[in-house]
Every structure is written in structure tokens, then in C-alpha cells.
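Chain naming follows the written order as A, B and C, and within any one chain the residues start at number 1.
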Amino acid sequence: MERSLGEIAESLDLTLIGDPEIRITGLASLPDALPGQLSFLFNTAYRKQLLETGASAVVLKEEDAAVAPCAVLISPQPRLTWAKIAGLFDPVPMPERVIHEDATVADQVKIGADVSIGPRAVVEKGAVIEQDCIIGAGCYVGQNVHIGKGSRLYANVSIHHDVVIGQRAIIHSGAVLGADGFGFEFDGSRGVLEKIPQIYAVVLGDDVEIGAGTTIDRGALNHTSLGNGVKLDNQVQVGHGTRIGDHTVISGCTAIAGSTKIGSYCLIGGAVGIIDNLEIADQVEITAMTLVSHSITEKGRYSSGTGLLPSRIWKRSIVGFSKLDEILKRLRRLETRD
Amino acid sequence: MERSLGEIAESLDLTLIGDPEIRITGLASLPDALPGQLSFLFNTAYRKQLLETGASAVVLKEEDAAVAPCAVLISPQPRLTWAKIAGLFDPVPMPERVIHEDATVADQVKIGADVSIGPRAVVEKGAVIEQDCIIGAGCYVGQNVHIGKGSRLYANVSIHHDVVIGQRAIIHSGAVLGADGFGFEFDGSRGVLEKIPQIYAVVLGDDVEIGAGTTIDRGALNHTSLGNGVKLDNQVQVGHGTRIGDHTVISGCTAIAGSTKIGSYCLIGGAVGIIDNLEIADQVEITAMTLVSHSITEKGRYSSGTGLLPSRIWKRSIVGFSKLDEILKRLRRLETRD
Amino acid sequence: MERSLGEIAESLDLTLIGDPEIRITGLASLPDALPGQLSFLFNTAYRKQLLETGASAVVLKEEDAAVAPCAVLISPQPRLTWAKIAGLFDPVPMPERVIHEDATVADQVKIGADVSIGPRAVVEKGAVIEQDCIIGAGCYVGQNVHIGKGSRLYANVSIHHDVVIGQRAIIHSGAVLGADGFGFEFDGSRGVLEKIPQIYAVVLGDDVEIGAGTTIDRGALNHTSLGNGVKLDNQVQVGHGTRIGDHTVISGCTAIAGSTKIGSYCLIGGAVGIIDNLEIADQVEITAMTLVSHSITEKGRYSSGTGLLPSRIWKRSIVGFSKLDEILKRLRRLETRD
């Protein structure tokens, strides 16, 4: 995985200022980079890091080129260039396109060309795995699951019956798609909770990525669905019947309850909570650890919570918080005193 | 899985107004339902949806029957009826009651009648699996684990040594019962954390459901325990030694620290945090994303956090939050000014 | 696993007041303990529990010895003594040091002496597993993974390619190390998110413990790293490129975004959120469910959020919260009125 700077410039159609023979062995951030490595200046504000970098070459915008202490590759969008260059140095293993002898594949399964099924994976009857898919070691693919072409499941993923996955999905270890939604009805006469069977499934569009340990429940009255290009980070929870629009991005540990409808091109921060039966418009941004307790009808940025404080100040503020209603009344009284 | 409306009415003892020969092929919500599907009106407030539904029949309360544009099944409790009808249309696969040839079952294991053990499951010595249990593909059942009759573990569940599971449990993929509780003691003389062995186990009552990716740790000085009928959603964390009373329901991503005692018939929202060594009374309701930082001795509804705001307003409010102690002092000064 | 009190006293060099022949069969908390069990008084404030305990013996500090109703073992640090005694009563199974016949181990793997590899585990080529390691059932050990000596992976752990684990690690079920970090760059010309390959790995120091369901992502421009003695509880999320210093302890369900640097000897509570690209000093303590939204340069204790309130009071407070900027303005107006 070593390439010349000239090769990289040519393959991505970038202007190179410097010696095309320089050997690049990997990527690193500006402060960490060593000779032989390529780095990136994403933002002019970090020019100081550029001046001190040990990198052999840096990808940057034209306006930063003059100050670089090394070879440069000029890109109008260094982050997008990064996404493309990193693929040249990615050591992710590509398994052989075979069904491993230690996999358990039922009869009545349709498997396309050039599919890899890893050791200890289990594929149940009726499943369809289209061409070029990679099913990792220890994965469970339930009855009648449909996985679109070019998708990859890493080790120990669980996909339950009737779930539909589009093309080019990437699903990370420990993810669970199609477990039962959380639905019970209290039967007062017996004092117990009656389970509501979750008879629908989960349907994913194309180009979806699902993080490690993320869970997406099957629906009770409609499929839980994710549009094209949706990206979920690790340990996200998506409740039953929830629908997420195209190209929405959701960071780690966010919990979304059931029957909520989230728009397209939303950016939802980490550890956010979204309650059930809401509607969230397109292009809504939610900052980290916000509780979304009502629908959002207009695009924009939304937040909840308090700022970070030293605990001794915070303790006094939470006393004040509990008295806010009283504070408003006392203010009104003062304002009308004379 | 097609049934006539007459059959459904009879099996659940409901009054039918309409043609008993109508074929029902599935369930859907009022706005989504198509001809051939059965739907539900849970709340008179949604009568407008009833008027526009494409469903062939709707389950509803007597007082809503007159306005229905289709056949109706009358139920005093439509949600409870839903729970029962959905079972008739549930495609969840029922595996053969055999030990799969690709399972690894140790000697000295007791397995009851009509048990199914899936491919790639591992059952360690001393385990007892009572009759009618289903152990999914890739599950791990540790030494001396006891699983009560009629329980079902979906794929890739991990149950560690000495854990006891009652009857009719449902445990979803990725759940981990009986990993070590999180206990360390700082050894100042060496500057390191000494691990406290977690020598107790986890004990579950009957009719417990555990969501995907949920973790319940084993105890250090007593068993971590869940009463009968407890339902935990996905990605819930239960710390070591915590005890949860009968029929308590806990939504997704809630984190409960160790040695806390939660009452019966509590309703705990999603993404709630509950610190260690608390006591929470029976019938306590906690709203989503609340931090429970002290014991709750009276039933009722409790909350923490702030409301959702556009970020530009929120930023000003958190400045005010940090000054709440000062605000109270300034108010007092004004009030006593003359 | 029965021992005499005399044996216990001797093995830990504790002063015994009472009959050394007393048989101890297990440990329990003061209120739960029965005859035959040993208990602990960690804090003089709980002396009342000591007076009423059914334990046959109690570990306590010298100053509490006189009031004990039973035999005592005197320790200057009862919690540290507990950590050591509990090991004597720990029933955790120790598997045979063999490669199970149902494991799938690739060629070109280096396995040290006295290693146990459980049934259904998968070890890919290039992996190095040093002596005395235990790899649980169903684990996945990816290409070129290095696991230091004496480490234990419980069942169904996933470790991806090139991850490095130090000596004496304990990794609980469902943990995922080395899944892709969450990195995308929006390609405006096509309206889609371009994936940024995550080409670095995860590197763990010695004596690290990782909880069940915890996920640690691989880095994009540097390794994600945990220092020596770091302890992560269950369902923690560590983003790509984040670095955690030695002996830092992080409680359950905490979400840490990418490229953040956390110091040594920090204590981070449960369900905390930490955003990306921050620096947190050594010895910082963060209370449960705090959002860390900016860097912390000084050691100390930090918090965010509001206190727990009955929901009817809380609803009024959140109205006040949204008006805090206005409250400050009204106060100022009053103060300057005359």
C-alpha cells in the first residue's frame, strides 16, 4: 500500500506542486504525520499545524499552498479528497468470495455470484443474498431476509426474518435489525402486560451504513424504514415503525422511539433522545444530547439541556431552576410594584 | 395467514357489524391500511383517520361504530384486542424442535422435551434448559444457567454462568446477561484499580422480556434481579445488584447503575439515567431522558432536563442557567430595596 | 468454595477477632447476609446494619470492631480487602486450555502456550494470541489482531483487523473493537455522503477492562487508544481517534465522540456525552448524564443538566428556562429603574 505522489495526484486529478516521485506509505493528521505520510489541511485556521508538520505532502486549498513546508496536492475540497485518498491506504481485509465450510446455510436460499459467507455464519431458508455481498463470521441472516448487491455485514450481525436491506449497505458488528418493537398493552383485569406482536419488518434503502451495536426494531403496524444514504453511528436505537428520510445522519447512542417520522438530510447529534409519534422536518439539525419532546416543523438547529459547569456552581443553578416559576412571579410583582 | 372477519370475531368474542366473509390478510394503521387489511381506532380523537381509511374492517369502541366507512369489530379495549389479533398474523418463524447438528452442547446438560437449539449455539456443562425453549443460532448459554420452560432466546444472545431465567422469557439478539458488574477499588499504594470479583449472578422472574443489546450485570454482594413481568426495551443497562420489581417497564437506552431498587409497576422512559444505591417506589413514572439523582419515595411522575429550543435561544438560556444563583440574590436585593 | 475464617485472615494478613474455625461459604451485604457468610462494613455510617446483620463475620475498620455482633476481620481498607476476598469465592468458570474442535482458526496464526479458544470462535490469519489467553465461544478475532498475554475475551466479542490489545485485558460479551469510525463528507455535487475509510486501528494498553456491548471505533487519521488500567463499563461508545489516558474509569452508556483526548485518572459517570475534538485534563470528574461541550483544562468535578423534579413543577421550570435571557434583562431594568 505504497504509492507515489504523482500516482495519487493523477488518480484524483489534483494539481501537484512538488516531486511526483515522493513515496507515500500512509495518512496522518498534521501534528502526527511523519516523513512518508500524506496529511490534510482542512481549514486555514490550522495553518500553524501545517508549518510544523512532518508530512511529506499535504492536501490543501489553493490559498494555503504557498506556506506549505512540503509538497502539496491542491484540492477545492480537501475533506472530500481525503475520503477518496483514504481508500487507497485502507487495509480492510477482503475475504474470499466463497461460502466457508463452517457456515450453516439452509436449503432454499438464493445466493448471487461472488458472495462471501464467513465461518460460523447462519443463513435461514428463504433468504436472498445478491451478488457481491460479504456476510461476516458469526452473522445470523433470518428467514426471507433480502440483502441487496454489494452489501457487507461485518462479524456477528443479527438480521431477523423478512428484513429487507438495499444495495451497498455496510452493517457493523453487533448490530441487530428486526428484533421485536417494544409494544405492550396493560391488561388491567389480570394486572399484566400483554405483548403486541410485531408483525412488520425493517426496510432499508440503498447505501445505508449501520454502526456497531445499533438496533432497529421491526414494526407493529408498518415497516420501520430508512431511506437511501442514511448513516447511523454505533449504539443507535430506532423504535418500531419509525421512518427516517434519505441521507439523514445520526450520531452514536441516539435513542429514537417508535412511530416517529424524521425528514431527509437531517443531522442528529450523539446521545440525542427523540420521543414517539413525532414528525421532524427535512434539514433539521439537533445538537448532542438534546431531548426532542415535540415535533419540529421548520428546518434549523435545535437543542436542549444546560451548559457544562463546575459542579459547585451547577448545584446552585439547579436550585434556581426548580424556582424558575417563582422567579417569574417575583419579577412580575416587582415590575408592577409602583 | 389469511382469515375471515367472522373467524376473527368469533375467536376473540367480538361483535361484528359487517360481512363475516370478508378476507383479512393483514393489519395496518388507519392511514396506511389497504383493502383486505384490518385496522384499529384506539382513540376517538382520530376519527378523521377512520373516515378516510382504506381498511376493510376496523376494531373500535362501540361509540365510534356508527361513523365507520367499513365493517367493524367492537371491542371495549381496542389496544388489548390488537395485541391478541396481531398474533394471528405474526410471521415469526418457529424453528423445529431439535438440537441442530451444528450446535455445540456439552455433556452434563439437562434439556427438556420439545426444545430447539439453533445452529452455532453453545451450551456449557451444567446448564438446564426446560421444555419448549427455543435457543437461537449463535447463542451462548454458560455453565449452570437455568432457563425456564417456554422461553425463547433469539440469535446471538449471551447468558453467563449461573444466571437463572424464569418461564416464558423472550430475550432478543445481542442481549448479555451476567457479564461482570463494574466494580473496582483504587489501591492508592500502587496507583491502580483493583477489580472486585462479581460472584453473584442474575435472576429473572417469569414472563420477562429483554430487548436487543440490553445488558444486565451479575452482582457482587447480591444477585441482580428482575421480578415477574418486567419488560426491558433495547440497549438498557442494568448495573450489578440492582433489583427491579414486578411488571415494571423500561424503555430503550435507559442506564441504571448498581445496587438500586426499583419498585413494581413503574414506567421508565427512554434514555433515562438512574444513579446507584437509590430506592424508587412502586408506580413511579419517569419521563424520557430524566436523570434520577435521588431516591423517590412517592408514586407519581418525575422529570429533569430542559425543553427543546431553537439553538440560538437555547444558547442564551444556558447563560442564564449558569447565573440562576445570582438571579435569586439580585431578586432578593430588589425585593428588600425599600 | 468454603474456607475457614482463619485461612482467610492468614491469606490476606488481617487481624481476626473471633473463632478461626468458623466456616465461610460466601459473601453478602450486611442486610442480606446469613450465617456462614462474610460481610463488610465500608462506612461507619452504616453501623446500624452491622448491629442487625446475620453474617458470621464482618470485615471492618478497627474503630468499628467493638460494636460487631460477630467475629471480625480488621482491615484499614475494607473495600480493598473485599476486592481480594471476593476472588476466593468467585465461581467464574475457567475453561480448558485447548483449542475447541468447533473453533475455526485460520492458518498463519500464532497461538501461545496455555491458550483456550472456545467453540464457534473464529480467528483470522495473521492473528497473534499470546500465552494464557482465553478466547470465549463465538468470538471473532480479525486479521493481524494482537492479544497480549493473560487476556480474556468472554463469549461473542468482535475484534476487527489490526487491533492491538495489551496484557491481562478483560473484554465482555458483545463488545466490538475496531468497527469503522463514523466519518463522511458531504459531496454537494451529488447530494450524497462520501464515506471516509477508517484506516487506523484501536490500541489498548495493559490491564484494560471493556464492558458488555461497548464499542470502540478504529481511527481515520490516528489510532483510537486507551492507556494502561483504563476501565470502561457496559455500552460505552468511543469514537474514532479518541485517546483515553491511564487509569481513567468510565461508567455505563457514556458516549464519547471522535478525536477527543481524555486525561489520566479521570472518573466519568454514566450516560455522559462528550463531544468531538475536546481535551480533558487529568483527574477530571464528570457526574452522571453530563454533556461535556467544551474542553476542560483544570482538574475538578463538572456537571450539567437539571435536578430531578415532579413533572408538574418541572413543566413550569422549563418555561422559565426558555425565558432566562429575558429574566436577566428584566432584572437589569428593575435594578436601574431609579
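Here is the rule we go by: contacts are C-beta pairs under 8 Å (C-beta built on N, C-alpha and C of every residue); 3 or more make two chains touch, one makes a residue touch a chain.
Computed from a predicted model, the values in this text were never measured in an experiment.
Per the C-alpha superposition, subunit A sits rotated 120 degrees relative to subunit B, a value rounded to a multiple of 5.
Although subunit A and subunit C carry the same sequence, what matters here is overlap: shared residue numbers make up under half of all numbers found at their interface. Rounded to whole angstrom, the centroid-to-centroid distance between subunit A and subunit C, based on C-alpha atoms, equals 24 Å. In subunit A, the residues touching two or more other chains are 120, 138, 156, 174, 213, 235, 253, 271, 305-307, 309, 319, 321, 323-324, 327, 331, 334. Across the interface of their complex, subunit C is touched by residues 104, 120, 122, 124, 138, 140, 142-143, 156, 158, 160-162, 174, 176, 179-180, 182-185, 187, 191-199, 213, 215, 217, 220-222, 235, 237, 239, 253, 255, 257, 271, 273, 275, 287, 290-294, 296, 300-307, 309, 313, 316-317, 319-321, 323-324, 327, 330-331, 334 of subunit B. Contacts from subunit B toward subunit A in the complex involve residues 26-29, 32, 40, 77, 79-80, 82-84, 86-87, 89-93, 100, 102, 118-120, 136-138, 154-156, 170, 172-174, 207, 209, 211-213, 229, 231, 233-235, 247, 249, 251-253, 269-271, 288-289, 305-312, 314-315, 318-319, 321-325, 327-328, 331, 334-335.
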